[in-house]
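By letter and in written order, the chains are A, B, C and D; residue numbering begins at 1 in each of them.
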Amino acid sequence: MTIRFGLLGAGRIGKVHARAISSDANARLVAVADAMAPAAEAISAAYGCDMRSIDAILSATDIDAVVICTPTDTHADLIEAFAKAGKAIFCEKPIDLSLARVKSCLEVVRKTKAVLMVGFNRRFDPHFKAVRAEIDKGTLGLVEMVTITSRDPGAPPLDYIGRSGGIFRDMTIHDFDMARFLLGEEVAEVSAMASVLVDPAIGKAGDSDSVQVMLKTATGKLALISNSRRATYGYDQRIEVHGSKGAAVAENQRPVSIEVATSAGYTRPPLHDFFMTRYTEAYAAEIAAFIAAVQGKAKAEPSGEDGLLALALAEAALKSVAEGRTVKMSEVAG
Amino acid sequence: MTIRFGLLGAGRIGKVHARAISSDANARLVAVADAMAPAAEAISAAYGCDMRSIDAILSATDIDAVVICTPTDTHADLIEAFAKAGKAIFCEKPIDLSLARVKSCLEVVRKTKAVLMVGFNRRFDPHFKAVRAEIDKGTLGLVEMVTITSRDPGAPPLDYIGRSGGIFRDMTIHDFDMARFLLGEEVAEVSAMASVLVDPAIGKAGDSDSVQVMLKTATGKLALISNSRRATYGYDQRIEVHGSKGAAVAENQRPVSIEVATSAGYTRPPLHDFFMTRYTEAYAAEIAAFIAAVQGKAKAEPSGEDGLLALALAEAALKSVAEGRTVKMSEVAG
Amino acid sequence: MTIRFGLLGAGRIGKVHARAISSDANARLVAVADAMAPAAEAISAAYGCDMRSIDAILSATDIDAVVICTPTDTHADLIEAFAKAGKAIFCEKPIDLSLARVKSCLEVVRKTKAVLMVGFNRRFDPHFKAVRAEIDKGTLGLVEMVTITSRDPGAPPLDYIGRSGGIFRDMTIHDFDMARFLLGEEVAEVSAMASVLVDPAIGKAGDSDSVQVMLKTATGKLALISNSRRATYGYDQRIEVHGSKGAAVAENQRPVSIEVATSAGYTRPPLHDFFMTRYTEAYAAEIAAFIAAVQGKAKAEPSGEDGLLALALAEAALKSVAEGRTVKMSEVAG
Amino acid sequence: MTIRFGLLGAGRIGKVHARAISSDANARLVAVADAMAPAAEAISAAYGCDMRSIDAILSATDIDAVVICTPTDTHADLIEAFAKAGKAIFCEKPIDLSLARVKSCLEVVRKTKAVLMVGFNRRFDPHFKAVRAEIDKGTLGLVEMVTITSRDPGAPPLDYIGRSGGIFRDMTIHDFDMARFLLGEEVAEVSAMASVLVDPAIGKAGDSDSVQVMLKTATGKLALISNSRRATYGYDQRIEVHGSKGAAVAENQRPVSIEVATSAGYTRPPLHDFFMTRYTEAYAAEIAAFIAAVQGKAKAEPSGEDGLLALALAEAALKSVAEGRTVKMSEVAG
C-alpha cells in the first residue's frame, strides 16, 4: 500500500522530506504547497509532483498523509484541520511554542483519532538508535546517567532567533526528547543555567546561546545536557548512557574519516557541518517509520504527547534559569 | 543533458548500477537486458524502464550509454560491439581474463574513439579519494610506501571461483588498481606469495585464498597488498600511504559506530559485511563520474588502459608465485 | 640541592608518595612515621629510610619537607605544627572538612610563610596538563564550557564513607579543582543534584553515590561534572573543554591498548581499574613540582587557597542539593 | 634472592638497562664497565655502583649476571667468556653479524649450560604481549597472516650504518623476531625488496633505508614487514594478526593522548619520538624476565637460538634482494 503524500512548506526542511518521500518505495509525493512559488516549483520539478494550495490538499481524495514544514505558528492550526480531514499527519517540531495551545491541539487529534507523529528525527539516527537498543537488550543494566552534547556549527539568523521561542524550545528541545528516549522514565526535576558567550546580539534579543541543563527522574536517574550555538569543528552531536552494568556512547560522525599523520600530529577531518548531511539516514528512517504508522504497522512515535513533554521540559528550564532554582515538572506540566 | 542508459546484465552488480543511475539527476535508465527474464523484470518494475534484448539496445537511438554487468567472458565482445555502435561504455572489471584479448579489444575502442570506463569502484570511495587528495595536495611529500589490506567476509561459491580467473585476477585486481592510483607511477617489479588457508576446496579448484604481494616502481617506491577470502569481523578494506612528509590512512567503515563499555572492555560493532553496503557512496560517485565523461566534462577514468595494467599485475603475481621469483613487468606487459 | 623528606602516614597513598620520592633524583626519603608499625616497616624496608615518630620528624634537622598522608582530621593540626617548625609541607586533600578550620590553618601558614602544596594530583596528569596547555596557547580561544566525567570502579568501604565528608568533599572535590584549573576564573554559582543509585547503604549513611553539578563563572563560562561511585569498565576519568576557537578532550587511559576483532565486533580492554595505576605519572610529576617549589624554583601550586576554594565548592553543592536551588559562592565562601 | 648485576657498556642502551636493574626490587647493580670513563662515571654516580674493568667483573664473586651492551663485534667473545665464568648473560641483539660466529658462540653456551637471553625487547611490550596472549587464548583461531610495520623517526648516523650489518640485520631483525613470536611456527620462505628513498648517502654506504619483506611458513601462514628509516609522525610500531576466528592489532603509542578539535579538524599529538620512551615498560619487563630466568623461575627467552634464527631471516632477506627471488630458509640456516 503506497502512501500518497502532500508536503506543506517547501523550505529547507521541506526539501529534506521531499527527497526522503521520493526515495521510499512505499511512498509517493503527490503535491507540494508553499506560498513562495519558486520554492514549490523547485520541488515540483525535481520530484514530478503537483503544486497545490493547502486548501486543495486538505480536500484532496488522492492524498493520505501530510508533512507539515510550515512556520511554527501555523503548526497547531494545520494539525487540527488535517486531523479533522482524516489525513495522517507528520509535523515538524515544535507543535507550538505555547504549552496550552499544544494541549488543545492534541485534544483535537485525540478526538479525531488522527495519526500524528512529531519530527524528533534524532531518535532515528542509526547510532543513537543502536545505543537505545543496547539499553533495551539490558547490556547496560539499569540506566543511571545520560549525557547529551549538542553544539551547532553556528547560530541561526537573528530574526529566526526572535521567532524561535528561545534556545531551550528551539534547540535543547531535541535533547530533552533524546533524554526522555534514553532515560526510559519521566523527568521529575529540572535545573538549568544559560549564558551569552557566542554573540551579544543573541543576548539583546532576549535569548541565550550557551546552556546546560540537569534532569532527574523520580527514581533518581540523572541526565546532563550541554548546548552551544557555536562549534568550530562541525556539528557536535553525542550521547552517552551510563548504567549499572556498563555504558554506551555514540560519538560524532564525519563525512570523510581518513587520518593524516605529519610532524604536527595525527589529524582527522572536521565533522559534518550541517544537520541535514549529519542526519541524512535519520530523516529517511523517520519517514519510513511514519509510513509504517500510516499503514497501521507500527505506533506513531514520537507522538504528540512526546512533543508536549519535550516542550514542557523547555518551559521548566526557562523557569529554572529565571528563578535560580530546581523546578519540579509538576509545576509546569501540571 | 540527461544521459540515457541501457543496462546489460541484471544480476547483483547490475542492480547496484540500476539504483545509482536512477537516483542520479543527470541520468535516466531506459532499458535493461538480461537472458534471465525475472532478473530483468525486477529492475524494470523497480525503476520503470523497458526490457529489451542486447541487440535492441545496440541499435537503439534513445540510448547514449551502456553499463556492462554480464559475465566476464562476454565483456570484450560487448565493448567492441557497443564501441562500433557509438555508445559510451561503462564495463565492470575485468575486461577479459586474457591480456591479449584485452589488448585487441582496447585497439577497437581506440579506433572508434568510444568513451570507455572500467569499474574500479574503490577509486570513488570518499575516504580512499581523500587519501589520494592528500597526496595530490603534497601533504605527504613524495609517496614512499603503500599498504593495502583487503579481506572478504567470506569466499565466493566454488563454481564462481572456477570462472573467476583466480584470486589475483578477481580480488587482488582491485588492489593492484588502488596501488597504481596511490603510487602515482607504474609498477616495475612484482613478487607474490599464495596460500590456501581458508578452504581446501579452493586449493583443489586450483586457486588460493590468502595471498600477499610486494610491488616496486622504477624509482623504488614500494607497495604491499594483503588479501584473504575470510574476515570474521566484516569487510576489511584499508589503505595506507607513507611519504617523505607524512602518512595517511583510510580505516574501515562500519554501519553503526557506537561503543559499548562493560567489564569485558570497550566494543564497537563489526564492519560492513558486504561490498555493496560498504561501497554505496563509491558506486554512486562512479556512475556520476562516468556521466560526466559521457557529457564530455571529464576524462573517462579508470580507463581501459587502467584495466589492462591491473590485469597485467595479476598476471605477474601469478608468474611470481609459480616461479618463486620477482617478476619484472616488462616480462608480462611487454 | 636534594630535598630530604619525612613521610607522615604509611597507608595506601603514603606508599605512592614514598615510591615517587625515592625515584626522584632530587629527593631523598629520610624517615617515615606511622602509628601502625607494620605499615611503616614496609616502607622503611623497601626504601631504606628510618622509622621515627611524628614528633621526632617535627624537630629533625635532617628533614626539609614532609608529606602528610595521615587521616583527614589530623591534617590541619599537622600543617600548623610543621609550618611553625619551618618545614615545607605537601598535604593530601582535603586540608579539613570544615571551611572555618581550613581558613584558620591557612592563616597560620600565611604567617609562617611556610611552603604548602595540596595534593590535587590530577593537575599533573600529562593528558589533562596538555589540555590546559592548549588553553594557555590559545588554541581553543576563550573557554566557554568544561565537562568533567569522573567515575570510580567501585564505592569505598562504608566506614570510610562515614568519615569522608560525603561524595562532594571526598570525590567531586578533585573535579571542582579541575574545573577551576580549566575555567581560568572563579566559579560564581553552583547547582547540584544527588542520587543513590549504586548502593542503598550509602544512602542510609547519609551520602549519595551518583551526582551531577553545574558551575557558572561571573562572565558566564559554564561547567558540568558527572560523578558515580560505579563504573564496570574501569576508572572513568575524562575532561573536555569547549572554547570559541575549538575544543580539547583527554580521553580515558588503559594499561593495554590492543583491539581484537571477531564476529562480535572490535573490542579494546577495560580502563585502568585503580587510581594509583591510572595516575602513576601524575603522582611522580606532582612530587617533582613540590620539590621544585621547596627549592624555590616554582610556586607551590595547587596552594592551600586552591584547597580552600575546592572545599567551598563542595559546600555550595551540598547546600544546592539541600535547598533545591542555585547557590552563589558568595553565600558560602563569604 | 636478589640478582647482582655487572653492566658491560655504559652507552645509550646501557643507561636504559642500568635504570631498569636499579628499579627492580629483585636486582642490584653492583658494577659498570666502560672504556669511556665519563659514561661509566655517570652510571656509577646515578645508581651508586662500582666502576670496574670487564676482567674484574669476569672474576668477581659478588656478581651473578651481566648485561652486555658493548659494540656488536665484542658480543660473541664476551658471551663465551662470561658463559665459561659461570655468569648468567643478557646480551643486546645481535649476537654477531656472522651466522657462523653466532653458531659457534651458542655451542659454547650450550656446553657451559650458561643462562643466555637475547635482547628482543619488543616481546615484552605490554601491548604486543597482549596480542600474543590473544593468540594463545585461541581468540583469533589459527593464525593466518601477520603484518608488522616498523618505521624510525630518523636514520642513525652514517658511521653507525656502516657498522650495523645493514637494515635487515640492524632494524628488520626485531620484526623478524616479532614475526616468529606471532606466527608460532618457523618461516620457510622469504622474499624481500629494498629501496633507498630517504637518504642517497645510505645507498652509497651500500645499505637500504626502505624495505619490505614477505614470509611464509611450511603450512602456508603469511607475514608482511614494512620498514622505513623515516617517519615524520614519530616512532611507528604496529603489529596485526589475522586468524581464522578474528584479528588483533596493537596500534601506536603516544606520550600524550589528547585530541584537539578546531576548524582544521581533530588532531592528536605525534607518537613517541624515541625507542627508549616508546619501550620504557618493555625494557623493565625484559629485565624482570631475565631475573626470573636467572632465579630459575622461568626459561631464558628470547634465547640464543631465537637470536640465531632472526639473523638467519635477515640473511635470507639480503639474499632475496640480491638474487631477485624467493629464498628458502633451508638455503641459509642449513
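Going forward, a residue touches a chain if its C-beta (ideal position, glycine included) is under 8 Å from a C-beta of that chain, and two chains touch if they have at least 3 such contacts.
Only a predicted model underlies this, so the values are computations on that prediction, with no experimental measurement involved.
Engineer: List every chain that touches both chain A and chain D.
Structural biologist: Joint contacts, listed by label: B, C.
Engineer: Average the CA atoms of each chain to get its centre, and name the chain whose centre is farthest from that of chain D.
Structural biologist: So the farthest one, by centre of C-alpha atoms, is A.
Engineer: With chain centres taken as the means of their Cα atoms, state the distance from chain B to chain D in Å.
Structural biologist: Averaging C-alpha atoms per chain gives centres 41 Å apart.
Engineer: Measuring centre to centre with CA averages, how many angstrom lie between chain B and chain C?
Structural biologist: 57
Engineer: Specify, in ascending order, the residues of chain D that touch 2 or more different other chains.
Structural biologist: As it turns out, chain D has residues touching two or more other chains at 232-233, 245-247, 261-263, 269.
Engineer: State the interface residues of chain C toward chain B in the complex, per the touch definition above.
Structural biologist: 232-233, 261-270
Engineer: Please output the residues of chain A touching chain B within their complex, sorted ascending.
Structural biologist: Within the complex, chain A contacts chain B at residues 23, 25, 46, 126-127, 130-131, 134, 139-140, 245-251, 253, 255-263, 269.
Engineer: Per the contact definition, I'd like the list of chain A residues that touch chain C in the complex.
Structural biologist: 142, 144-145, 147, 149, 151, 189, 191, 193, 195-198, 210-212, 214, 216, 220-222, 224, 226, 228, 230-233, 236, 242, 244-247, 324-326
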